[in-house]
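Next up: the structures, one after another.
Two complexes come next, and they have one chain in common, chain A, joined by chain B in the first and chain C in the second.
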Partner chain A sequence: MSTHKQRPLNGYHVIFLTQSAMIGTGILTLPQKLSSLGYSQAFVPLLFGLIACLTMWPMIWLNSKYKNDNLFRINEKLLGTWIGKSINIIIVLSFIIFLAGIISDYMNLIQTTALTEQTITIPVLFFLLLLLYIVSGGIKSIARFCIITFFLTIPILYFLRWSIEKGDISHVLPLFNFNGTEFLNALKEGYLSILGYELIMFYYPYIENQKKAFKHALIGVWISIILCLITTLVSVMYYSEWQLKNIEFSVLHLFKAGELTFIERIDIFGITLWVFLILSTVAGYLWTAKKGLDSIRSKETKSHDYIITILIFLLIILPISQELLERLFKLSNYVVYVLIIWPMFLSIIHLLRKKQVQP
Partner chain B sequence: MKEKLFLVVIVLVSIYLAGCTAKELKVPLEDVGMVGVMAFDYIDEDNLKLTVAIPQYSPEAKEHTQIFSVSTDLISKGIVDIESLSDKKVVLNQLRVVLINEEFARHGKVEKSIQHLYRNPEVGNKVLIAVVKGNGEEMLKGKYPDKPNINFYLNDLLQPSINTAFNPNTNIHDFIYAQTNPVFDAIVPILEKKESKIEVEGIALFKGKNMLHSLPKDEALIIQALQGRKKLAPMNLTLSNDSKGERLMMDLIDSKVKIKSNKNFDTPKLTITLHIEGTLVEFKGERENSLKTVESTAKLENDINEELEESISDFLKKLQEFEADPIGLTESFRMYYKGEWKEENKQEILSKLQWDIHVNTSIMSTGTLK
Partner chain C sequence: MKFKKFMRSPKSEDHKKASQNVKNVINTEVEQTIESIQKHTDHISDVIFKKIPTEEGIVTLIYVNSLVDKMTMQVMIFIPLANHLHQIHQVSEVVSISDNAAIVSKLMGGQTLLYFHEANLLESIDTYSASTRSITNTETESTVIGPQDAFTESLETNISLVKRRIKNTNLKNEDLTIGSETNTKISILYIEGIVNEENLETLKGRIDKVNYPSFTDISILKQLIEDNPLSPFPQYYMSVRPDSIVHYLLNGRIVIFMDNSQAAIVCPTSFLEMFISIEDYYNRWTTASLLRMLRFFGFFLTIMITPMYISALTFHPEILPYELLLNLQESRSRVPFPPLIEVLFIELIIEVLREAGSRMPAKVGQTIGIVGGIVIGTAAVEAGLISNILIVLVATSALLSFLPPIFLMSNTSRFVRYIFILSAGAFGLFGQMLAFAWLITHLLRLNSLGTPFMTPVIPRKAGDLMDSIIRFPTAFLKGKTGISRSPKK
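Up next, the complex of A and B:
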């Protein structure tokens, strides 16, 4: 087996790692997040895709200068050990909160739709155990899980059939019916849904064919963008503007439109299948957080996985006030936003300190 | 080896520890009462009478349906009250039909009540809504000796079969969609209890938060034709142009509609083109025996066109008087409007609206006899 190679990720792995990390809970609420644009949101994911491409380029460029280092090491090299480490701590902490946010969002959703008479403690526990199992196999096992996730979940698209039949394509017109503030609002709220591609900064050293990494990652990004586009387009066709604004999990209601004689509630079916998408997203982040902890403590042990998982579990289960949690989740989102622009800043430093730093 | 032992211990411990968990209070299936039909009756502004029908599966019971009725101000409180009347846990997962009586539709908080159901994750989307003439509770309590159970009966009645396809078949999503979309006004079928039968009587036109008017069946057919539904109910017409009162019945095979606006918001005008294809099933009148040539059929098609154009035009005028639009005519103006489209925009366009209607009927066949 090739698991023990220095650079285990081939092209397909990169495509699906990028793709799966982007599709998670975000897409469920995407039409609602973009609702400040009303019906004009339909083609906004394309714009997001463009932004993603533009911001990914500096990431890859920076990484290609340090072929064997992930972002944590690059931080330390470029900014010095102390500043670098402090930044890494912030990244790891915010990743942990971010992870807890994704998982608790999804679990709360499951709780309100599928398991209405139960608390979520035990489902969360099982979810985290499964997650640990996937992550303990290393980045390649995550990549493989992402591939299988994609092919297992893509048939869900079929369930959109009924909403497309019922929907009205004329809602798409007029195009660009919004003003600047509405757009910025939607960008701030909605861009979160397509985050995930920035993880490439962390697994780049494991990519076999680093010259083509950008191309492969782009394919992954655009697969996700097209899925987002389908979601927003069908939502726009099917809903009224009020519904777009007020239905939190619009995708769920899209499934509800389904009419199969042998399945009554397709939405429950879809939402439980969604666990694959959440797992694949979260696995990437957990692996990254673990690598971060490794680099902060300058040693690699498996126990870091466990420590992070326990932290996440506590964050979800402990009776922390919902308000504080929401604020933490929001904060971690902003850190991830900053992370997208971070490589541009690092690239400038790299150019300035080129001679002093040994790649 | 050590790891494997550890794993075995963990598995064993967790299996045995599972016995220590508090017993979960899950209700067994026999003890769940699945509400099939719900009826809201108007009492006053704040209160409503909530009636539910729950199928009774026990073979020992004489009746196949349990019916409970409470008056309440909140729907969910009503459900809880019903639970204390019932021997079962009442759940809404199998809810299929919501009946609202006409008074409630006209004066009650219809939108809010339906929204409450729309929000509830237990309730599916296939819940059909209907307005009841008279009293919903009576309809549920009525005796229908040749029907298995009121739950099935109502659900089957409201399902769109081809002959009752004029029935707008409004489910929760459709209702909320039409209510909240400024282009539309919602329509809901009206049921009426007649001795031991229930009849789909027409449709209720909503405006704003409440029911405005009831429309007869043939006008419902026009609404659906103009909304672009492909399969329509059979159409019966009385040709009035030659004042001979010829009657005919057509089975419609296909219908296509194109609505184009002139994009002018000051003098709005719509061009509506309706193509319908069908077979002539029955004809009664002077020309009965002369409809054998191509020319005579063409002449008949022309007559049908004119008749339809006139009745559509009359109907649109009626809508203008009501200031309500179940068809969504203003959608083709909204498509070209920059900014937020509001209810007022619709009213403005609708009041000034002019139209041009072209109907193209083609009679595919008149049966196999010469």
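Up next, the complex of A and C:
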């Protein structure tokens, strides 16, 4: 239990780091994003899970060849310093935009549901300060936060009880009533919800038992997939197809089905508790972005944390036109999509340049 | 002079004459030494210099009157001096005349110095017998079941209370003196073979580095050697109960006692242990588990109840069902303040009552309790200053804050509650959740002597969870807990 180890992450840390990074705001809009599939979306998360497994395998394989390096270093080693660094800059920038996207999405949601009479500037500031506090403890502190987040937020599932009671299980059938384009469309929109497992490429060097890392990460991925599955399944049971397509944040409305004599709007409680999930997701990304900045500037300082946080704050607060922001967020999403396929490409280069590169 | 010469016997006269020169030299040296001791103890009126003629010539006794009991002086010094001088030499210890620092420190430690003029010899006998109070039962950590004795302010008594419970040579106590001005004696207790050596080294290193002049209680030392002195949470356990100290010693923890302070500190400790009372082990496991759950969830309730009231009424009235909201609004229809001010107002009144109650003489205190409780409470509601539902909530949370068996933890919950109240006042439920996330992160990042504060939970140790919020039947609880990092499992 020594606190200063070279590789501080044990199996549980890996499981929950993977799991928590995947569950964020995405899951709230998942049923809507998948609505092109109609009622058949119920079991689509399982397919997503399969894709996640397939894409994670090259990541782990590549990392296992470079046990002490994260993706930023691997980029530099395999592609040369200059190309590697410029790719790293793209990754860091897109992560910053991605983070700003997640946070501003969530904060806007908070504003519409819980803080209707305030602007979000000051809440965002406090949120970011708290985020800095979590991240400044290092990856292990983040992992611990992820574990406790999981156990604090899992009781929310209980509030689905009423939706299940009122829902109709026959909505689930038929199982695969969609065509290829519809599926691709849903994949493009909905896969965003389960992003997050790619962070393992960056904290892999810190994992204690690297041989079992794949297994642990898979457990984490499948916990998240099952949570997504429960969400889509219950949504399909509870809503009509039109509602699935048109209701914003339909998952929140599932909570509203609840009937308690002392609390009327469980969704407000749920969405504010969601801050834990958001914090655990963005903490991982912020830590990664900081590591990226470290490797780009070839030195480690705490100030990188502050620089990134200030950038995020400015992105959220500055009066940039909403369209431009939307386009930026979309772009950053695509960069993260590419990041998932990136290790395959790198693996090929690794095989080609095996003899020249010293791992 | 003539008269004196006449009185002397011829035998002694011869002897005197022979050694006259040597005597003079010794006499001046004796005078010098006594003078230098007098100079070092200048203006201390209870340092006594007493010349007593004995068989071996004149002896000067030097002692501090207030540290020595008269009876002890009689038995240890005066009777042997008059009758059996060899006894004194048997029990005493020789002090170097030139070592002024040692002389003064012995004197201040309650020892009596005997200066044999003729032999020019300085000896010391331990006569420290300052009056102490007797062992009484504890008032701050009382229990229904279990031993009732508590530590006193005397280090020897406290260590004897521990040693009579653990009759084992592996129980070690190492004495140290800290504080450049008070020269306070502390004692580090541990059981060899069970304690983690690394922990012991860390602790000793920290105590060595302490550079603080004066210690009036062990809690000062505690704050100086804690891992995070800025945190509102106490990171070491503190108790005045010998049985709970012994429990932790046997678990592989390190205990520090300080002279003149009643409590002992135990390190390392975990967050969950702050909610464990030693009585839980004497109760049946079902009762103990129930009480522990009450204390643990009580801590989170006490910091959450009143903030909840603020956020529900200020930001999210829609969270409450119609009837309940009506009820609430009705009760505060005449209240002129916003909920935040209302809550702060009544919370501060409770703090004032609590603080005034603890300072006041016991007999007056009762009256004030009645005045505070009934008059202020009822009158404030009737005057329309606060709503009566809030009174219920505040009273509940005030009661809940007394649940932790450690008073320092109860103080912490008082402080943390204000953070929650203010954040609820600023951002409603969202602010409360942010504060909660801060609390969790802070707890996760705290260490106690280098061991994570949240130990049995994160990092998890399944075996320890048997003795956490739920206390399993005693047969399950044989092992040492993970936080001790004991070499013996």
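Simple rule for what comes next: the second predicted complex is superposed on the first by the 358 of 359 C-alpha atoms of A that agree within 3 Å, B and C clash if a C-alpha of one lies under 4 Å from a C-alpha of the other, contacts with A are read in each partner's own complex, and residues count from 1 in each chain.
Quick note on the criterion: a residue touches a chain if its C-beta (ideal position, glycine included) is under 8 Å from a C-beta of that chain, and two chains touch if they have at least 3 such contacts.
The shown structure was predicted, so the numbers you read here are calculated from the model rather than taken from an experiment.
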| item | value |
| --- | --- |
| When chain B and chain C are modelled together on chain A, clash or fit | fit |
| First (chain B), second (chain C), both or neither touched by A:110 | second |
| Which of chain B and chain C A:298 touches, first, second, both or neither | neither |
| Residues of chain A touched, compared between chain B and chain C (which is higher) | C |
| First, second, both or neither for A:264, with chain B first and chain C second | both |
| Chain B versus chain C as contact partner of A:148, first or second or both or neither | second |
| Chain B versus chain C as contact partner of A:181, first or second or both or neither | neither |
| Contacts of A:6 with chain B and chain C, given as first, second, both or neither | neither |
| First (chain B), second (chain C), both or neither touched by A:322 | neither |
| Chain C, chain A and chain B - angle at the middle CA centre, rounded to the nearest 10 degrees | 100 |
| Closest Cα approach, chain C to chain B, once both complexes are overlaid on chain A (Å) | 5 |
| Where chain A meets both chain C and chain B, residue numbers | 117-118, 264-265 |
| Chain A residues within the chain C interface of the complex | 1, 3, 10, 12, 110, 114-115, 117-118, 122-123, 126-127, 130, 133-134, 137, 141, 144-145, 147-148, 152, 261-265, 268-269, 272-273, 275-276, 279 |
| Contact set on chain C toward chain A in their complex | 315-316, 318-322, 324, 426-434, 437-438, 440-442, 444-445, 447, 450-452, 454-455, 457-460, 482, 485 |
| Touching residues (chain side chain A, partner chain B) in the complex | 38, 112-113, 116-118, 168, 170, 173-174, 177, 239-243, 253, 256-257, 259, 264-265 |
| Complex contact set, residues of chain B against chain A | 24-26, 121-122, 124-126, 173, 176-178, 180-181, 331-332, 335-340 |
